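By written order: A, B and C. Residues from 1 in each chain.
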Amino acid sequence: MKEMTYAEAIRAAMSEEMRRDPDVIFMGEDIGLYGGAFGVSVGMFEEFGPDRVRDTPISEAVIAGAAAGAAVTGMRPIAELMFMDFSTIAMDSLVNQAAKMRYMFGGKAKVPMVLRCPAGSGTGAAAQHSQSLEAWFCHVPGLKVVTPSTPADAKGLLKAAIRDDNPVVFVEQKLLYRQKGMVPEEDDFILEIGKADIKREGSDVTVVVYGRMLQRALEAAEIVAKEGIDVEVVDPMTLVPLDKETIINSVKKTGRAIVVNEAVKTGGYAGEIAAVIAESDAFDYLDAPVLRLAGKDVPIPYNPDLEKAVVPSVNEIADAIRTVMNR
Amino acid sequence: MATEVIMPKAGMAMEEGTVVKWLKKEGETVEKGEPLLEIITDKVNMEIEAEISGTLLKILADEGEVLPVMTVIGYIGAPGEALPEEKNAPSTASETVVQSNPEAKAPVSGADLAADEATTGFEGGLRATPASRKLAREAGIALSRVAGTGPKGRIQKSDVEAYLADEGSAESTHVSALAKRISDAEGIDLSQVKGTGHAGKVMSRDVMNILDGTLSRQAEASDTVAANDSYVEPLSSVRKVIAKRMTESFFTAPTFTLNIDVDMTEAAALRERVKPRILAATGYKVTYTDIIVLMTAQALKKFPAVNASLVEGGIEYHNRVHVGIAVGKPEGLVVPVLKNADQMKLESIVSASKELIEKANKNKLKPDDMSGSTFTVSNLGMYGISHFNPIINQPNSAILGVSAIIDKVVAVNGEPCVRPMMTLSLTIDHRVVDGAPGAAFMQYLKQLLEDPYGLL
Amino acid sequence: MSIKKSDFKEMYKRMNEARAFEEKVSYFFARGMIHGTTHLSVGQEASAVGACMALKSDDLITSTHRGHSQVIGKGIDLNKMMAELLGKQTGYCKGKGGSMHIADVDAGNLGANGVVGGGHGIAVCAAITQKLKKTGKIVLCFFGDGAANEGSFHEALNLASVWKLPVIFYCENNLYGMSTPISKHMNIKDIYKRAEAYGIPGYAIDGNNAVEVFNKVEEVAKYVREGNGPVLIESKTYRWLGHSKSDANVYRTKEEIESWKEKDPILALEKYLVGEGLFTEAALKKVKQQAYDDIEAAVQYANESPNPPIESLLEDVYA
């Protein structure tokens, strides 16, 4: 184990896989000498050279398209979109091409690519550089969607994503890039895609949370613990495929569920998770309505106070926990 | 779709009504406007006419059953037509029950819970969490009986748990009021009765069937006795206590019994006179037992020797008069105690004793209700008994046996005359009371009953 | 050449305002007073201001993430602009847009854009409106060399050409798409040559020469306004500072940066104006001082402005 940042963990995952498998290549805007807009790939250009770490023009449509094309012909490309917001430009390549090739070709193709998407607000980058668009991709069969929330998860899941034979949208949290954590150094440290992690065990309320909101949920859990409320925090880690069993079992245990995500509430994945709970066995165990805590239904504003108010805060999560406990 | 027959709201203030009599049977046809059933409201009896023509498909309310207005009590439709899911709670009444009458817990069958769940639109429906619903379903509790403590009165799992804890070994069957009364009276365990009413509701006929079955089994049992000589039924715990107490009393106390005949003409007149007023005030009818308890309490005040106990170190003469009333139940005798009966007016005795008897019938008597008696009254008059020797309820020193009031020809002022006559029997513990004070007590009691106004 | 003396004065002033503005933003940013990121246009003032000055005041522009000089060139209320940078209620976007989204739709500024190539389509559509409504206005679409590699560039040029729309596609080629030199992101040196592929005229100009910029844009604007269809102009220039405030400039040399600083567009204009005998140095110094004073006033205005109320968070999502 070694302490590293979320960004370093992602770099380690990519580098390890590139050393292991010559078919793994990495491309994106300013990922080479510049080291990526967030410094994630610093040093990789020097190690792997311009053939395998490829700076692209500012051409998102073709970045994703090229990744799909490379993948279907035997490479394992990792493509970085500088901001998840720019996935809009790459949508056709991803949604109509990469996601569907295998199925519409009758299972005769595989598309082992990873699209890394730095997401989330909190950086002051305003409406076009702050979005959390994971729900869009969850809505496209053929894509897997992974949302790591700690350095170790990022490393283990990215390695798994690179080895996966399907297109994986890997949602990174810009604000977590500098967060530190202990990360296994072993080459074979792989986390299973589609497996949730119980980040905190508890008996009273289940908080299902992923991405940047995890840390806030854990803090909220500590606050309400002083009030005698024992919170279980479940991090699905992968949104598609979703580890329904872990979530449902947790809710069956606690009887109360809150789903927290940063993305806007309407049409967001928190709603999907809430629905999974509601239509499952856990329904009969619910002792309170399932709550969603999510971003306000607005674009991310520039003003820092407004920007903070958009996404769920620690206090709001704690209040929601109290609400379902009727406190 | 079958049309509902409901308990109609026949007046602004009417909240519930009693089904007196169904004028049609299930399966019979009715014409629109034809009398269908008779109900009694808080004011009057009235006939309810069918609102449509058709076949009376289902009767959901037993005769004698008291139901909130708007309750569905039956269905009229085409023969063989399917009934809608039960909606036996009025759309506005459930919450009222939850709010105002949390103690009124009636057990309910699982199927009935579907109806509870069907009323969750919150236009007066039930607000309850899935967890509470599941628990209630498993425990066979009607959610409408559980008071919700959650937001907006929502019933939480913890509320059902509290209800269950409070309820203890709750009976778990949905029953009609009449069926409940019969089963209470006959000591039938309702949880063992399979309901044939709508949604598995236990109806009086179901209880009667069980009762018939029991009787025939008893008949079979006696046949078996003939064949096998005898059979042993293990003693119930109540039976054991009674056996022990009676044996102790019988073998420790040297007793004798004094009988006296009382002319109940004036007492009967008194009863008739006060009956309407007391009914209005308490909702209960005044009984002869009430009058006898009233007079006995007054007499005991005058004859403390009869209101005494033998204790270590001597005889304890009680300053207070606490009259035990023997209540026979199928499983055995219980004696709830009317505290400070000598301080009570007739009206108070009526309501207090009825409440005790009701509690006894519902097995709701608490230890407090059954302790501290200083004297006991046992009335077997309703069985036509002419006289009997009751056994003293220790540590009392005496017990009064009340027999039937029977019209007899007696000489009044030398002329033969028919009078309602009743025998009172006082069994006395001779260790405490001698014959003379006992006899004087009886003479005084007779005087009070024959001339009630003498008290004034 | 139709440029008047008063136009030169205004051009010089706006270029200095742009420079002063960026210096102030840089100062604030370093002190954490400006939130988020910002892309400074120091070195590109002639390219941006010169182009805007050649338009009519009611012509339209679409701007870019590196757009401060562009919108100042178009003529803007510096107070509102500075207030927006500081996230204030009085800002152009009520504090919701910030550096990358300065817009003044009423004044013909259709907005800076955070998405590279995001303005192409908007410019085309705005031009359709002008053509159908016969407003006589034209649209100038600012974009960078990097955006010339987005699909939207090609789609927009093709469509505008086919429909003969009144658009000037104005590429500010500052040689780097973020960190990537043009040599690594396209196989040609002159972006204007792409015009040929779409059947429209294309020109290259020295983007650091304000007078040249003005003259060419003025000429092209006349051509476009007459209904001859779009034109592509490549303005060759250079940004002195990093792509954004987080850029360490590892991809280019100090020498290269210094060599471009010697081609400072403001100094070049000063030399020209004094050399032509249009203004004295003292007169220009006064104009420059006024520009810096105006920026100071804007800072004061912005600082004294209130933050947007938290309730405003939910406003303006829908019309």
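By our rule, contacts are C-beta pairs under 8 Å (C-beta built on N, C-alpha and C of every residue); 3 or more make two chains touch, one makes a residue touch a chain.
Just so you know, these numbers come straight off a predicted model, no measurement behind them.
Using the touch rule from the top, point out the two chains with the most contacting C-beta pairs.
So the chains sharing the most C-beta contacts are A-C.
Tell me which chain's centre, taken as the mean of its C-alpha atoms, is farthest from chain A.
Ranked by distance of C-alpha centres from chain A, the top chain is B.
What chain lies closest to the overall centre, CA atoms only?
If we average C-alpha coordinates per chain, A lands closest to the whole-structure average.
Provide the C-alpha centroid distance between chain A and chain B, rounded to the nearest whole angstrom.
67
Between chain A and chain C, what's the gap in Å when you average each chain's C-alpha atoms?
Chain centroid spacing, chain A to chain C, equals 36 Å.
Starting from the mean Cα coordinates of chain B and chain C, work out the distance between those two points in Å.
Spacing between the chain centres: roughly 94 Å.
Quick one: in the complex, what on chain C touches chain A?
35-37, 84, 87-88, 93, 95-101, 113-118, 146-147, 149-152, 177-180, 184-186, 246-247, 250-251, 307-308, 310, 312-314, 317
Could you please specify the touching residues of chain A with respect to chain C in the complex?
Interface residues on the chain A side: 29-30, 32-35, 37, 55-62, 85-86, 88-89, 123-129, 296-299, 301-307, 309-310.
Can you list the residues on chain A that touch chain B in the complex?
Contact set of chain A toward chain B: 255, 283-288, 326.
Please give the residue numbers of chain B that touch chain A in the complex, ascending.
Counting only chain B, the residues touching chain A are 129-134, 149-151, 156-158.
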